[in-house]
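A, B, C and D label the chains in the order they appear, each numbered from 1.
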Amino acid sequence: MAQPLLRISDASKRFGGVQALDRASLVVHEGEVVGLLGENGAGKSTLVKTLAGLHQLDAGVIELDGRSFRQGNPRLAREQGVAIIYQEPSLFPDLTLAENVFVGRQPKSGGRVDWSQMRARTASLFADLGIDLDPGRLARGLSIADQQMVEIVKALSLDARLIIMDEPSAALTNAEVERLLGVARRLRDQGRGVIYISHRLEEVFQVCDSVTVMRDGATVASAPIAEVDTAQIVRWMVGREITEMFPKVPAQIGEVILSVEGLSSTGEFHDISFEVRRGEIVALAGLVGSGRSEVVRAIFGIDPITSGTITMAGTRLSRHTPSRAMAAGISLVPEDRRLQGLLMPASIAHNTALTVLRRLRRAGLVRIGAERRLAEEWATTLRLRYASIDDPVERLSGGNQQKVVLSKWLATSPRLLIVDEPTRGIDVGTKAEVHRLLSEQAAAGMAVLMVSSDLPEVLGMADRILVMREGRLVDEISRADATQERVMTAAAGAAA
Amino acid sequence: MTSLTKKVLAAAAGAVVIAGLATAPAAQAAPKSGLKIAVIPKAVNIGYFKGWNDGAQKACKELKAAKCDYIGPTQATGPAQLKFINQAIQQKYNAIVLSAADQNALAPALKKAKAAGICVVTSDADVADTTTRAASVLPASAQRIGEAEVDWIAQEIGGKGKVAILSAAATAANQNAWIDFMKAYLPKKYPNIQLVGVYYGDDDATKSAQQYNQILTEHPDIAGIISPTTVGIRAAAQEKKSKGGTVAITGLGLPSEMKDYVLGGQVTKFGLWNPIDLGYVGTYAAAECASSGNKVPKSFKAGSKTYTQGANGVIFLGDPATFDKSNITKFAAIY
Amino acid sequence: MSRGAFRLSWDKSILLLLILLVLFGGMNNEYFATGDNVNFILGDISEIMLIAFPMALLIIVKEIDLSVASSLTLASALCGVTWQATGSIWVAVLAGIMTGVACGLLNGLLVTRLGLSSLAVTIGTLALYRGLCYVALGDTPIADFPTEFTDLGYTPIAGTFLPWVVVPMVVAGIVFWYVLHGTRFGRWLFAIGQGDEAAEFSGIPVLRVKLWLFILTGLMCGIAGIGYTVRFASSSPDGALGFELLVIAAVLFGGVAIAGGVGTIWGVIAAVLIWGFSQSYLQLIGWDANALVIVSGVLLLLSVTIPRLLGALRESVAQRTFRPKGTEGAPPPPGEGVAEHSPAGAGHDQGSHRG
Amino acid sequence: MSGGLSRVARLREVPVLSALIVLLLLTAILNPAFRGGEGLKAILIESALIAFLAAGQANLIIMRHIDLSVSSTAGLVSFLIGNTSMNNMGISVPQSLMIAVAVGAAVGIVNGALVAYLKLPSLVVTIGTLYLVRGIFNYLAGGVTVTADALPGWVAAIGSGSILGVPDLFVIALILCVLMTIVQTSTRWGRDLYAIGSNPPAAARVGIPVAHREFAAFVLNGIIAGLAGMLLLFRFSFADATAGLGIELYVVAACVIGGVAIAGGVGTAMGALIGAVLLQAITFALGALGVSQFWQQAVAGALLVLAIAFDRIVALRSTQRINRLAEAPV
């Protein structure tokens, strides 16, 4: 093959006491999609940020197109032909879509920003990708999938040689992922280089030409996609075998814990009725935006409902708030870990105890010792990896953060545990641990309601699957009858 | 000069003459030297009090005071002055000469000063509770000041038309007292003059200018404005200068600040007492008080003149002097 | 959040600074450390202290109240008006305090029910409440309070040199310390400041807590307003002008982070005392009023700059110690280095948090 | 200023402008004296200084920052120019500009460096410099009063002049606000400010030099505050230690009323100018409508609160509408 588009060799970077990159290497050719894989903390992110111009390596070589890559400046990185699409799109809610695409390099005429040219160019880029959005609207209120598309358009408008997709699919539904993969292929066909980062191995097999696996800051292996299989990749990533991804423990399904009757919220969802029983894991499937998260938020009392009833173990809940929901035995592990699940600057102990402070008081005062003991117990139970229980959770990896969120909610001894995208953005090893935990809890008699966009997870974990589409419950599938096709058909409507 | 002004001037002259002629008691000893005197203005940053302090310093020099410290807040409020009264108490000054920014708020502090054996003499602005200070040196009675200002405006507008008052803060005790007398005097003396309202400029240039404009907006046919405060009259004169207009402006102003407007024709005549004298006599009274058992003698000498206490321990220096084209340049150089 | 570690030492260090200041001042100026002067200082700072407590809580939950000075004055005004109307000082005191509560309630409702920015709302109510003071009192301050009432302003508690206003200050200090650092409610406040959405998802009634904090602020303004009325023996519509910035400055100087989620009551107490004692000391050694204003500004700037510079220094020392030889490049901004290790923690996730 | 963004940007200013027009019409109908145009002229003169300062402040609020030190800076400059003129028997325009720019830039550099490069909260920093500069100013000024006769003729000429019936001072403020709005809507530098205020981490990621922009905006605001000191002098032909005291909150209020939201990312200098005029018009209208002096401030305060709440309610409504149309919020 000709000279590679990107060649990174012996890249090292240290942050304080942490060796984030340890002589890592990576090669990307023109017209190639490279899957960059590894568990959280393996160093992918540092590598990506270096290419984004946000970091400088301590040592090592980066060559782009045979020329030395100038590091340490986002604008410079962009000018050298690198564009990045992040997992969580970061648009400017107060700017129009057109300006979001061209921010920082708006086309000018006569020294002034040329708004009409900007709109026209955005419109034509949108048309190229079949995106049906008005370039003149504000980004505020855009769905995550559409935001992701705008990010891609932004990357395309840069005419970048190297496009890095950093877990772009994490928040997308399958149909949207398909569209995304199509874009990645198209970029490859145009002769650009693509680095595709994802925790979903099936996507990697669909789109990538080769894979590079990282562990502990170093590159473990690189191979053409044809020469590897899932088991091999997972072995490289974790350094050991993962025996079972979906450890389903048999559970005794008992009486009804949660019963939802005709639940509606204007503009969000309509006439939702279902039950969750003791020992049962019920999955709430559907596309992002189909109203799944809104339903569980309403059950937990975050969002108001316009009509319908929520009954917990025979008691109807009224004037619903999160604290009343908690009192009734409901827990919610929310969708957005960093924003909704945790207090990022607060310690592991404080986060874990936040939901059960009432129990930890003596004479009105919170007992610090009891708080730490509680947190340490849960940390042990969930095999949390941490240095000190007083460390802020922002220092933990994504998977370990999710374990803290689970601790915090399991500590309330809920009768109903609601989990919203419980394994989004966490690595394979931890994912399996979370699955085992949920299964164990169900077996121990807890009712579990799980919202997930990860189909294998839904099929692997759920006793029953409820599918939502456009705010309505459209299908209910038992574990025995569940297939990917049936869930997708119900979620996407008859045409899919 | 109209007969009216003559009368006012005659009265003023008379007052000075009477004060001057009053014979001092033979036994009166000179005040002690080596006193520590605190001179506390409403705020250190107001030009008017520079003159006031000049008078105080002059008196201190003559009295051979050990210390004569000019201390005070940056904002003219009672609470802000409190700190400085406390400082004087802590540092065991013998006497305080005070222009009270708030007639009520300082009462507790002044009681404390009195208990600590410190002589407090108010000068320029008095407090409401007259038992909390030994004496007060004021320019003239509120009635005289209020009525004089009405006479000035009546003379300028020919005794008829609409008049507004542009005052300081709504709570300014001095101004409120004068305004009360103006309100009583106007209908009696000048039935053809209609007072349309009192506007508060808060002794703030911005607010005063805005209030001036407000007056003109609300009453385009306004004939005259009385502004019994140096900040207000200056702001009004400046507005009139920049916008033109025929409204007559008078009131109380500092000659140094008003010179331009008198020479420029925006203001024909205005008045003020001499702040230097107020500070000077106030300091003498304070020194007398500290020298003779925390009481100000019924009458005492300050420089060449002798002053006598009236009711409630008030010493009036005499009616305000008036300024016009003939004398403004001379006085502008002084204060 | 690299400040978290230093934070503790900041309020400790200003406590130390306070002690040094008192010792140094006492040794160098004969008038400074006298009972009488301390009595005065404690009285002088009492309103700031009383309001600084709830303000600290508000700032910890990322809200602010600029209307406190106006609320205080309105409470004082209503106290005066009620005294004149009823002739009962007890009713008047109650009316004053309730006025403060009402002011806080209105702020709280506007902020929590309409979701308005508290900075904007309280700039508005600052003007509104001040205006109502003039409506209530017109041009005549009320000053005919009974002597037994106003004497409390300067007579010390029998047998001590402490002024009576120390009583509410000490009580409030203990209560606020207990509430913020000991109770579940206190934990809630830090939780809201560190992540209000996560707090909401943890069952904390965020809006209700904020509403109560505004009411509490109003209550303390009411109490401070009574103190103000007593100390100045009058109700006047132009009292406590510019107080709001002084209170906020003191709270921030005490180590409460304007970004929320961080702060201690000790820090606030030490900060207010340092402010009061240093102003008194400097005044007694002959500095003029303008210099004192400069000192206030410098103290406030130093209170945020020093911890930040020390933090950066520590960071760069750490960098130098760990970094392999012969490398170059700017150190990452504070806080990023650690977060970096977890791909989830670093910069790019915050982008989508605005909605 | 064509295109989608300015269309939306203008939308935010429409309700404020309508409120202003309704207020003026109502006042003119109810009080014949107000119709002469003199009332309007007075409103424009009074709002000029606030609008001028709001032009710079808007840049900062757009970036979720604030600068409360402007009143001290403006006051200091107004005094320094006046005092120099008094001591030297006059002062030239370039000399005055030099003082204004130098002092303003110095304060702006201190604020900007602390906020942009040390990442300190702007509210704290600028309350600090508010005191610091005010203290230095009062220390220099003491009881000195600069009066009209000590000032050169051009000061009074600008202060009292008008162009086509519009007061000079307002024309100056209008020019600045128009220029600033063009910068805000039509230059990359200006657009960067909106991006920063709309989503700060994302702004850094797309390569906008956030710290440099913040620093520059603070320095610019400092210079504008310095120049506002000249306006202050033109306006009053007078300067002492109280010059400019307490106007900082009016400046912020004008911005907020004019649609420059505290949350950042929206609004323009023109909006702030309209806000400043509305703020002033409320006061005048109350007087013209015969509201008692003692009620005026209370009513103005209540209207201010209503204006803030109104803007928010409108914003809430439209967000809800967007949310209902779209699938999920950003």
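One rule holds in what follows: a residue touches a chain if its C-beta (ideal position, glycine included) is under 8 Å from a C-beta of that chain, and two chains touch if they have at least 3 such contacts.
If you're wondering where the values come from, they're calculated on a predicted model, not measured in any experiment.
Counted by C-beta pairs in contact, the busier of B-C and C-D is C-D. Distance between Cα centroids is largest for the pairing of chain B with A. Centres computed as Cα averages put chain B at a distance of 39 Å from chain C. Taking each chain's centre as the mean of its C-alpha atoms, chain C lies 28 Å from chain D. Inter-chain spacing, taken between the CA centroids of chain A and chain D, is 44 Å. Centre-to-centre, using mean CA coordinates, chain A is 75 Å away from chain B.
Shown for chain C are the residues in touch with two or more other chains, namely 134, 138-139, 242, 288-290, 293, 347-348, 351-352, 354-355.
Of all residues in chain D, those touching 2 or more other chains are 138, 142, 198-199, 201-202, 204-205, 293-294, 329-330, listed in ascending order. The multi-chain contact residues of chain A, meaning those touching 2 or more other chains, are 54, 86, 90-91, 93, 140, 147.
By the contact rule set out at the top, the touching chain pairs are A-C, A-D, B-C, B-D, C-D.
The part of chain B that touches chain D in the complex is made up of residues 44-47, 49-50, 53, 74, 170, 197-200, 204-206, 209-210, 213-214, 216-220, 234-235, 238, 241-243, 254, 256-257, 259-261, 263. Remark: chain C residues 66, 110, 114-117, 119-121, 123-132, 134-135, 138-139, 242, 245, 248-249, 252, 257-259, 288-298, 300-301, 303-305, 308-309, 312, 333-334, 347-348, 350-352, 354-355 touch chain D in the complex. Of all residues in chain A, those touching chain D in their complex are 52-54, 73-78, 84, 86, 90-96, 98-99, 103-106, 108, 111-113, 115-116, 118-119, 135-147, 267, 288-289.
Chain D contributes residues 1-8, 182, 185-188, 191-192, 194-195, 197-199, 201-209, 264-266, 319, 322-330 to its touches with chain A in the complex. Within the complex, the chain D residues that touch chain B are 31, 33-34, 36, 38-39, 42, 45-46, 49, 138, 141-145, 147-149, 156, 159-160, 235-238, 240-243, 245, 247, 283-284, 287-288, 290, 293-294.
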